[in-house]
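Letters are used for the chains, namely A, B, C and D, taken in the order the chains are written, and counting of residues starts over at 1 for each.
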Amino acid sequence: MSVDLSVSLGTLTLSNPLIAASGCFGYGVEYADAVDLSTLGGVAVKGLFLAEREGHPPPRIVETPAGMLNAIGLQGIGVHRFIREKLPELRDRRAVVFVNICGTTIDEYVELARILSDAEGVAAIELNISCPNIKEGGITFGCSLPGTHNVVAAVRKVTRLPIIPKLTPNVTDVASFARAAEDAGADALSLVNTFLAMAIDVDTRRPKLTNIVGGLSGPAIRPIAVRMVYECRQAVKIPIIGMGGISDPEDVLEFMIAGATAVQVGTANFVDPFIWYRLLDGLRAYMARHQLSRLADLTGTLDATSRQQAWISS
Amino acid sequence: MSVDLSVSLGTLTLSNPLIAASGCFGYGVEYADAVDLSTLGGVAVKGLFLAEREGHPPPRIVETPAGMLNAIGLQGIGVHRFIREKLPELRDRRAVVFVNICGTTIDEYVELARILSDAEGVAAIELNISCPNIKEGGITFGCSLPGTHNVVAAVRKVTRLPIIPKLTPNVTDVASFARAAEDAGADALSLVNTFLAMAIDVDTRRPKLTNIVGGLSGPAIRPIAVRMVYECRQAVKIPIIGMGGISDPEDVLEFMIAGATAVQVGTANFVDPFIWYRLLDGLRAYMARHQLSRLADLTGTLDATSRQQAWISS
Amino acid sequence: MPVDVDAAVISNTRLSDDYSVLALAAPAIAEAAQPGQFVMLKVSRGMDPLLRRPFSIFQRLRDERGFLTGLTVLNKRIGKGTALLYDAEAGARLQCLGPLGRPFEAVDPPAEAWMIAGGVGLAPFATLAETLIARGTATTLFYGARRAQDLHCAEVFERLGVHVVYSTEDGGRGARGRVTVPLEQALARTDRSIDLRLYVCGPTPMMRAVAMVAAAHGRRCEVSLEQVMGCGLGGCYSCVVLARDGSGAPHHTRSCIDGPVFDATRVVWEALAH
Amino acid sequence: MPVDVDAAVISNTRLSDDYSVLALAAPAIAEAAQPGQFVMLKVSRGMDPLLRRPFSIFQRLRDERGFLTGLTVLNKRIGKGTALLYDAEAGARLQCLGPLGRPFEAVDPPAEAWMIAGGVGLAPFATLAETLIARGTATTLFYGARRAQDLHCAEVFERLGVHVVYSTEDGGRGARGRVTVPLEQALARTDRSIDLRLYVCGPTPMMRAVAMVAAAHGRRCEVSLEQVMGCGLGGCYSCVVLARDGSGAPHHTRSCIDGPVFDATRVVWEALAH
């Protein structure tokens, strides 16, 4: 049976739903020797500011039960060096590039989007309004409905590239943020970014991360992320890129059934840099088992009718 | 060295900071044969409504990476049968009883508090305004600042028992809820309740829980819970009972250093019903190692000054 | 009073690609165990998986002098935890909590005991059979599986003196078809004056079918239900089944402490997940 | 190009209560390995712990005919993952990703090579020594530990023809005191016309001290730093050290791909966590 793994994010079609998550795959080029970048649905590169940034002093990560905290602090080479030094190789490797951008003001986001719109080889802009690890910008937009709306609307005005705001899970009602982003002209949504969290060394009584708090990612958060994708699926029409703890083919399927059109894989890529092949094989096996010819047909197919009648009331 | 494990929640002194978490220890009496209830700092009994409730149809739990989802739906025998059938035995066993109560209206909370104030052997009322598993009541108060304030204030008027609202982590700014509860007259705070989450069977494409969504608990959530305790510690003066994934003595210490006066243990008690002895031994060993004579002195002692100088700016 | 034993794996005998018999050194649990009770096993150190798994106590082990030394578990690999148990090697250690739950009510002669097992539902019956035989109760095992090679450990029962009636869905051994086929035949043959007690464990649809057959023949029937369990001690309310109380009113009833053994007439079968 | 091998544990030799040498069947990694490179080991199946752990490639293993068959890791138990490795039994399988990182720059004669190891910092030097000796480079190992019984595997080096200089903090073997004591003496004795390269691995304060000594004597010194690593491939930016670029400006530099081996003068030692 010929199987079709492709998925569409608005005007953008990916050969399969698997995207490397931002901040978890360097600028993509680091992996180019090990992994054929063109086999991935896409590559979301490390969050970029206009300028270079050194990020937070180490230690920057700490392992937690089935997860990890990070407080990298968006170290990065800035958008100009990225375009000059990394984008050409990504283009050569036929990677579908999602550029994750972060600013401290709306103007910075707008400027970044403008610059990237002129660059060759950018498939989409992922608006990082949800990084929990920096004080300025980012999450301050992501935690306010007008903030979210205004950033997206402003960027919308200056680019024809698909705009994909990345939502934070650190809010009471994520669906309202999804709606705000959609209303402002977003083409798709990414969710979730990491959960604000911390860990303490009880012997020194100090935080384990220099930055005190960090973002929780990995399998631990998956059940919350799946719920959020499900909630947003019911709230908006635009496609959703789901993520949070994906490690196995079943996890990809879980997000898709909950409502994701595509997914990103972050932490699990640290554990297994060749995970992409394993996930693709697993998706194909599932499609064969379920006689599914188009993977995209799975999106949002959760059967949420009560599994069994409630035999008693009260 | 004689060690003092006792902690004070306002007027209430516990022999040690370990409390069995509500919903994870039945009505306490189920464990009385296995565990000496008087060795625990306290026992928070299963959430009670005024009336009996059958809860949700099974399956009610599902395991997740380093955690579990539950959607019990607050099955319970109601406050009257609790007072008649369970409280006397708890009294005999010298358990320090925290009664976790839940209502669909403010009047129900008030009525529950009134009834419990007249009962003998209730040490404190834990106000469950954070159960993610029932549609009516509960979390609708816990996710609204006025809702939180009003419930606590109303209950405050009718009881002299310590009132301990239990906060939900499913909010953007948990500290503001802590303040609302404190302003309304709470004596202490419990946090966190579970995170709203879900899991899907990819073969049937149905939710694994009959209730579709459930609450995530266990080690997976600990880093988020610790962060929330830390945030609330800076926002309020009243004592905090911390919980979320505590499984080892280090976890108890982590919550205390972050700002908790006492802690609750839920999910880990399922894995090891004799955990209390192991935790107490571990706390004593830590105190010996650190020449700490009063465990209570640990609360809120996080040293959050930057661990090392940032050697570069930007 | 349950105890938690850091039990050494004495041996792990693989019976097939998915069945094994795991012997655990846990004398304290073996001493207290009654037929139909279960243990909660921590299948690995660490948090993956997090929760314990419930397993019936299959056999009680004795040394040469007859002293109880431990117990066995009949394990069928169906997921992560049972796979880890299947792979466990002698010498490994597993936390084993038990004995737990409400046991079967073993009948005395002249009553006869009929045990009906489907697949791994055989597990609680070795201990029950031993108890029944010790009391002199005439005991029969109706043992059904899909294929002949899925019928494991029957010799344990034959050695005890249990009369074993086989059935397989493909007809490879004993009667062809579900276990209800030989059971119904036997019930039809058995004089109503003979006092019979049915004990059932297996897949839910099979237990339900047997419960219906038993009711149709007016025979008392105990079933051992397998719900997902979080704690095994009544703490979490995860393991409920809808069961009728004395007045006939259905309630969500914890199968870890009010079960796993229930009188079949109490169970609201329609409400049980399959 | 790193590969990920599902490597069988060939053997696990416990040297003490906390040290062991783990031999892994991973020929493809052994073939590509250069001195100072490392592997990322998944220390258990499942998610506890979640992340891999970095380990220096200690020795390359060969069969009788001299073909590379695998590698060894010198493991020191300090936490959960290293404890699991310490307990690993022959026959177990571990995912092993490598070789990774920037290697040492092995010098040729007439230059001499001095390796300075503290504790488990010995690990990267067996492969380096083999390479150096093969080139005919005169090679010395300064090997320090707290007590004589913490000096493991020195025979590996003596067999290769490395001159080993011991020191222990309690004076139990070799010079009393830190490894810098015999090192400074040797440096003072050595004619400045002799070209020397220092290679260091050990606890951060020790590496820093050696770097200072090397700088004071105008000797080039490479250090192998041990940062917490999430991925080992440059993906996560967790493993950074503050290191000067060509122009002397300090940048957070990924030690997994730009290291773990750095020229000591590049490292901003004040910024390194101890």
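Criterion: a contact is a pair of C-beta atoms (placed from the backbone, for glycine too) under 8 Å apart; a residue touches a chain by one contact, two chains touch by 3 or more.
Please read all numbers here as calculations on a predicted model, not as lab measurements.
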Neighbouring chains common to chain B and chain C, by label:
A, D
Which chains are shared contacts of chain B and chain D?
A, C
Write down the pair of chains with the top C-beta contact pair count.
A-B
Suppose chain centres are the mean of their C-alpha atoms. Which chain sits farthest from chain C?
D
Can you give the whole-Å distance between the Cα centres of chain A and chain D?
36
Suppose each chain is reduced to the average of its Cα coordinates; what separation in Å results between chain C and chain D?
55
Where the centres are mean C-alpha positions, what is the separation of chain A from chain B, in Å?
32
Where chain A and chain C are represented by their mean Cα positions, the distance between them in whole Å:
47
In chain A, residues with contacts to at least two other chains:
54, 57, 65-67, 218-219, 307-309, 311-312
At least two other chains touched by the same residue of chain C: list those residues.
47-48, 242, 251-252, 271, 273
So what shape is it, when you link every pair of chains that touch: line, ring, star, complete or other?
complete
For the chain C and chain A complex, residues of the former touching the latter:
47-48, 242, 250-252, 268, 270-271, 273
Residues on chain B engaged by chain C in the complex (per definition of touch)
23-26, 30-31, 33-34, 46, 54-55, 57-63, 65-68, 70, 72, 75, 218-219, 247, 267, 269-274
Note: in the complex, chain B contacts chain A through residues 51-54, 56-57, 64-67, 69, 143, 170-172, 195-200, 202-207, 210, 212-213, 216, 218-224, 226-227, 230, 245, 250, 253-254, 257-258, 286, 290, 301-304, 306-314
Residue positions on chain D within touch of chain C in the complex are 44, 46-48
Contacts from chain A onto chain C in the complex sit at residues 65-66, 307-309, 311-312
